[in-house]
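Common to both upcoming complexes is subunit A, partnered first by subunit B, then by subunit C.
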Partner chain A sequence: MSEKIFIAQGELTAMLERLSKEMDVWVPVEMGDEKWGIRFLPYHEDTIVVLDRQSTISPKNVVFPQVETLLRFRYQKDDNDPSKQRIDLKDRQDVSSALVFGARPCDVRGFHTFDQVFLNGRYKDPYYEQRREKTLFATLLCDTKDSACFCSSVGSGPGDREGSDLWIVPVDDGYVIQALNDKGRKLIPIMGKQATTEQIEKAQRIQEQVTAKRIGEYDLTRSARDFTDRFEDMDYWRDMVSKCISCGICTFVCPTCYCFNITDESRDLEGERIRSWDSCMFYHYTLEASGHNPRPEKFERYRNRVGHKFSYFPDTYSGMISCCGCGRCIRSCPVSIDIRRVVHHLKEAVDAEV
Partner chain B sequence: MEDKTKTLQREFLKVFEKLEVVLGWEPGYDSLHATPSFIRQAKDLNKLVWNPLCSQNLCTYLVKTLNASVRKDDKKIGICVKGCDSRSLVALIQEKFITRETFYIVGIPCEGTVDWRRLMRIEPSLKDVQKVDIQGNELEVETAQKTYRFPLQQVLEQRCLHCRYPNPIIYDCLIGEPITPHIGDDQAYGDIEKIEQYSLPDRLKFWEKELDRCIRCYACRNACPLCVCRDSCIAETRTPKWLSQRCDLKEKFFYHMIHAIHLAGRCTECGECERVCPMEIPVTLIKKKLNQIVKDLLDYEAGIDPQKQPPLLTFDPGEKGI
Partner chain C sequence: MPKFESNPFRPELATIQDIIQETSNILTFRVVLNDEEKMREFSFQPGQVAQLSVFGVGESTFVINSPPTRKEYLQFSVMRTGEVTQRLHQLNIGDQIGVRAPLGNGFPVDQLKAHDILFIAGGIGMAPLRTLLLYMLDNRQDYGDILVIYGARSPEDLCYTYEFDEWRSGGVRLVLTVDREFPGWKKRVGFVPTVLTEEAPSSYNCIAVTCGPPIMIKFVLIGLKRLDFEDHQIITTLEKRMKCGIGICGRCNIGTKYVCVDGPVFSYEELRQMVPEI
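Moving on to the complex of A and B:
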């Protein structure tokens, strides 16, 4: 059987319905009535899937939830010796298989960054590993770029299939879906009927057209050195990002930002140790126990975000940029800070622009 | 008539040598966004723009970024304010975070700013925009190909639809003519009344649904010109630990109530909390409700009169309102 199937627009819901019997299926849906934003939620029967624009917040939470329980604990007093207490720990968690349907190439690329940190280093993160292993991505060829997109500037592109398990190409009034690996191949029989030769050829043409597009005018892949050269140029950072209000939007909507906090949240004798998203934009992120904060100013925190993605990360992980060019941090920024501009001008001052 | 952008630049140029910095707006990353601009050199004044995309309330920088209460020399801070922004400025003066003399204020009567998300809903393919302007009751968007016209009601920010203060309250220089508000005092709280028609259980359901989307990015707090606790917000303190790091509905609800209660009788309804929310939660409604209560009980609105003592900053033994 061919690995390429065709799903008509009208059959999409029925297909997702079938898939959702096998696993959790996360799909992009609108935030609410009359709202523009999109987020990924588990599919249920009333879900209206929206594939015509990028989600406001990336689907990273499927693999890396905003809050994850690492372990549960409970103190028990020793009846015979009240000065002693025992701790019961439970650290097992059940993770179900999941499919993210309708992610974009940039969303999937975000996990390349995560994998380096959580899987490929000296230590493996078991929580991440478990979910990563069990999550599949059916990724949509992306032909809906807007003015904030810049995936080609960071070495990817709108037709980048790397890291996806299934690949979706919109064709006429439906989608040609193809498996890219064995994990994806297993789902093909549940998904639909074989595509016709005509549909496959058409999908191929669309794939080629979209892949040929370059999204983003700059090349931002070789900025590591420029960043370190510019690091102490306080005027540059003040000029560029004085307007930053230091909220966590850019880091929370970002597919590659992986910083987290670990806290014990307890009440009386029991509680949980949880891991939750943190943000280097927050003052408390670098606040030390002594009260000293190495990054007290907002622009210093923004500088760190740029440095991490375009300099420290590639220095540590053989040149890899930890930015996927999705543009979410630009689009959702309350003050419209443009990270492309900040990185591009590292090399030469803005005054040279004109 | 001279372009307001040009007038704005010219007015600042006249006084620039007395200014340390000018806070205004410049074109953003695309033709549908403006971005705050900190101008420190006269030659950069030509970057400044004024148009219906200039949505940010620049007063948010005064306490939290510029620390405007501490001046190095006698140079002033130049700032552009819309009607709503000027109320924030007045409220900060009332609360003694800043002094009037520190500022050179350029006031701009404002017919409303554009909610780009609403615009995208109507016309998702809008691009290569060359000019955005308000003409009567319509927003005119000129692109390379054609000119679009959208009814203002459909594309303005929610805050603008109920705006009673389009004209700056205080200013040193006014750009353009004052505008007649579209909304009377009796309609000021029309948006809240809609929610209040719901039964209590339905109202709870509404807020649970909306607030459940919150990702605790704190943009609503950080964009708020009157959230002045800087880096010591109780939402993030660990000692005492009021809120946990969990991100369930209870924590989100609690956080938003804290934010709203701290703004009771202080909020100037600039709507920045709602505008910046990436999850499109109508959080301004909560603050407006509290404002309505303060108005009913104490006949007070924040940011209207620089001389007036805010009721929650004083004590009146003969208080009749409560």
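Moving on to the complex of A and C:
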């Protein structure tokens, strides 16, 4: 019982203040200028937290920064042989504990995809591992769907608590917050006062109502075979993707898109090897030095993105879809390509509609 | 700051011990890891690859083209093509590079035992096949007849010419071809697939191992099928743009397979089960 606390709307800032003394607290923030939308930033005293809408960009940057140093190198004179250089290499990183406050179930679900690839593959990514272990998620029950949302179509839902450490249910004038595991439990005493029975019951009712909701009309979880059957149907893919301008925003805002580039940046005798978000929507992504490109056309690149999420990934990771249904790619796409439609129609031709 | 227990992104530092000019645009680097113990204990399969680093420029993928049976150095043949290879070509003996290796799967050397082996290589495609060829020469009793069909644009574009005699004395039949007539060239003239058809080696108990430009592979496959090679009797090693080399960064996939960890070596049987996106 003592694990459920209540925070009134007016006490939220003070609570975040207390939490931010213990760890980095990442919250959804409106960037002043509307064109930047809402994104997750470290909390500070002037921050205005936005919890009534989904963030424009997912919080994947907390665990997987857009740009991250992998190595630092420095050329130095070799003391034993002054005509030669030696290289000093450093690969350490200093990561502090973090709490992502106010993410949605779809955002958290994105990290299931990341975990498979970065932690459970043949090699473990130590940079990701360190951040992942030190990051907690206080996730908001989601009652603000819009027409692009489709989390239930990919096996999740607005009340999906999987992967979260703390669970936030908005009630009339505040939030009932509950720990879902030991990591979350440790923060409860800092967060607030015990909720009343009435508040807990109310939160329970809301949880039940929201969990019963189905967001998204299609079932997209069993499309792997349909994808491979449709793979060589160039007309289908060309039709579906003809409007695409290869801008890559769908991958940028996507909570499950993890592809990255590695580049060296140097100045004089020292520099860094950095990794940064990349996008399979870009022509250069697969372009080889010889000039050969296995995915030179945009329909091939888009097809790979759809295949990765709805066919290759479930084929590799026992049926798991690497799409969390957040709808950001649909919302952000400048030419309104709708991945739900592309996947749903794999089964049957859609000549009439196109 | 915490130190990683292990970090697959961190290269081993290595020193260039020797550089051989193979052709106008291909250099062969012989490299030794600076950590003597790591060098001694370094083990790999023929066909496995390495990510070579020039710090400040970047990394690129190359096959280790010396065999595990010859461990004085690790050898890489590098064609000057992109940014990293351009910079590698400017390095000198004694210069420092980074090596992340071994990566990828390697040739199935045990499955190949007791078979006749047909190598079909075009241009720099000889680099990975050389590893396997030398490995077989060092374990000669395990393998049957070896035929190498090796083609390049011109006589000057053939690599490893200085060791052809060693190959031959190991019982290798070496068929060399160039794309067109050149003054003084007395060997075969014609594209590799054509020479394959002319040679018409028997597919009986034979495994074909091929590497070269995509267009060559395409016609070599047609030629091999005409000679009744079954899909499982054909092995190739692929190249893709790679970054992480450890199956994470996403770019070298062919459907569900990642060339950097599931490959680069695939049988034609495996390739036919993948999506056609090579």
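Criterion: the second predicted complex is superposed on the first by the 340 of 354 C-alpha atoms of A that agree within 3 Å, B and C clash if a C-alpha of one lies under 4 Å from a C-alpha of the other, contacts with A are read in each partner's own complex, and residues count from 1 in each chain.
Operating definition for what follows: a residue touches a chain if its C-beta (ideal position, glycine included) is under 8 Å from a C-beta of that chain, and two chains touch if they have at least 3 such contacts.
Predicted model, so just to flag it, every value in this text is computed and none were measured.
A.B. asks: So, on subunit A, is it clash or fit between subunit B and subunit C?
C.D. replies: fit
A.B. asks: Under the superposition described above, what is the C-alpha centre angle at subunit A formed with subunit B and subunit C, rounded in steps of 10 degrees?
C.D. replies: Rounded to the nearest ten degrees, it is 90.
A.B. asks: Report for A:K21: first if it touches subunit B alone, second if subunit C alone, otherwise both or neither.
C.D. replies: neither
A.B. asks: After the superposition on A, what does A:D91 contact: first (subunit B), second (subunit C), both or neither?
C.D. replies: A:D91: touches subunit C, not subunit B.
A.B. asks: Could you say whether A:T263 touches subunit B, subunit C, both of them, or neither, answering first, second, both or neither?
C.D. replies: A:T263: touches subunit B and subunit C.
A.B. asks: Quick check on the superposed pair: does A:H292 touch subunit B, subunit C, both, or neither? Answer first, second, both or neither.
C.D. replies: Second partner only, subunit C.
A.B. asks: Pick one for A:V67: touches subunit B only (first), subunit C only (second), both, or neither.
C.D. replies: After superposition on chain A, A:V67 lies in contact with subunit B alone.
A.B. asks: Applying the document's definition of touching, compare subunit B and subunit C: which contacts more of subunit A?
C.D. replies: It is C that touches the greater number of subunit A residues.
A.B. asks: One more residue to check, A:Y312. First (subunit B), second (subunit C), both or neither?
C.D. replies: second
A.B. asks: Pick out the closest CA atoms of subunit B and subunit C after fitting on chain A and give their distance in Å.
C.D. replies: 6
A.B. asks: Could you list which residues of subunit A make contact with subunit B in one structure and with subunit C in the other?
C.D. replies: Looking at subunit A, the two contact sets intersect at 261, 263.
A.B. asks: In their shared complex, at which residues does subunit C touch subunit A?
C.D. replies: 1-11, 13, 53, 55-60, 81-82, 85, 94-96, 98, 213-214, 239-241, 243-244, 246-256, 261, 275-278
A.B. asks: Could you please specify the touching residues of subunit A with respect to subunit C in the complex?
C.D. replies: 70-71, 73, 75, 83-87, 89, 91-95, 117-118, 121-127, 130, 228, 231-232, 258-264, 266, 271, 273, 275, 278, 280, 285-290, 292, 294-295, 300, 304, 307-308, 311-312, 315-316
A.B. asks: Within the complex, which stretch of subunit A touches subunit B?
C.D. replies: That would be residues 31-32, 34-37, 39, 52-53, 56-57, 66-67, 146-148, 238-239, 242-243, 245-249, 252-253, 261, 263, 265, 274, 276, 279, 282-284, 298, 330, 332, 334-338, 340-341 of subunit A.
A.B. asks: Can you list the residues on subunit B that touch subunit A in the complex?
C.D. replies: So the residues of subunit B touching subunit A come out as 28-38, 56, 60-61, 64-65, 117-118, 120-121, 124, 127, 209-210, 213, 215-219, 221-223, 231, 236, 244-248, 272, 275-276, 278-280.
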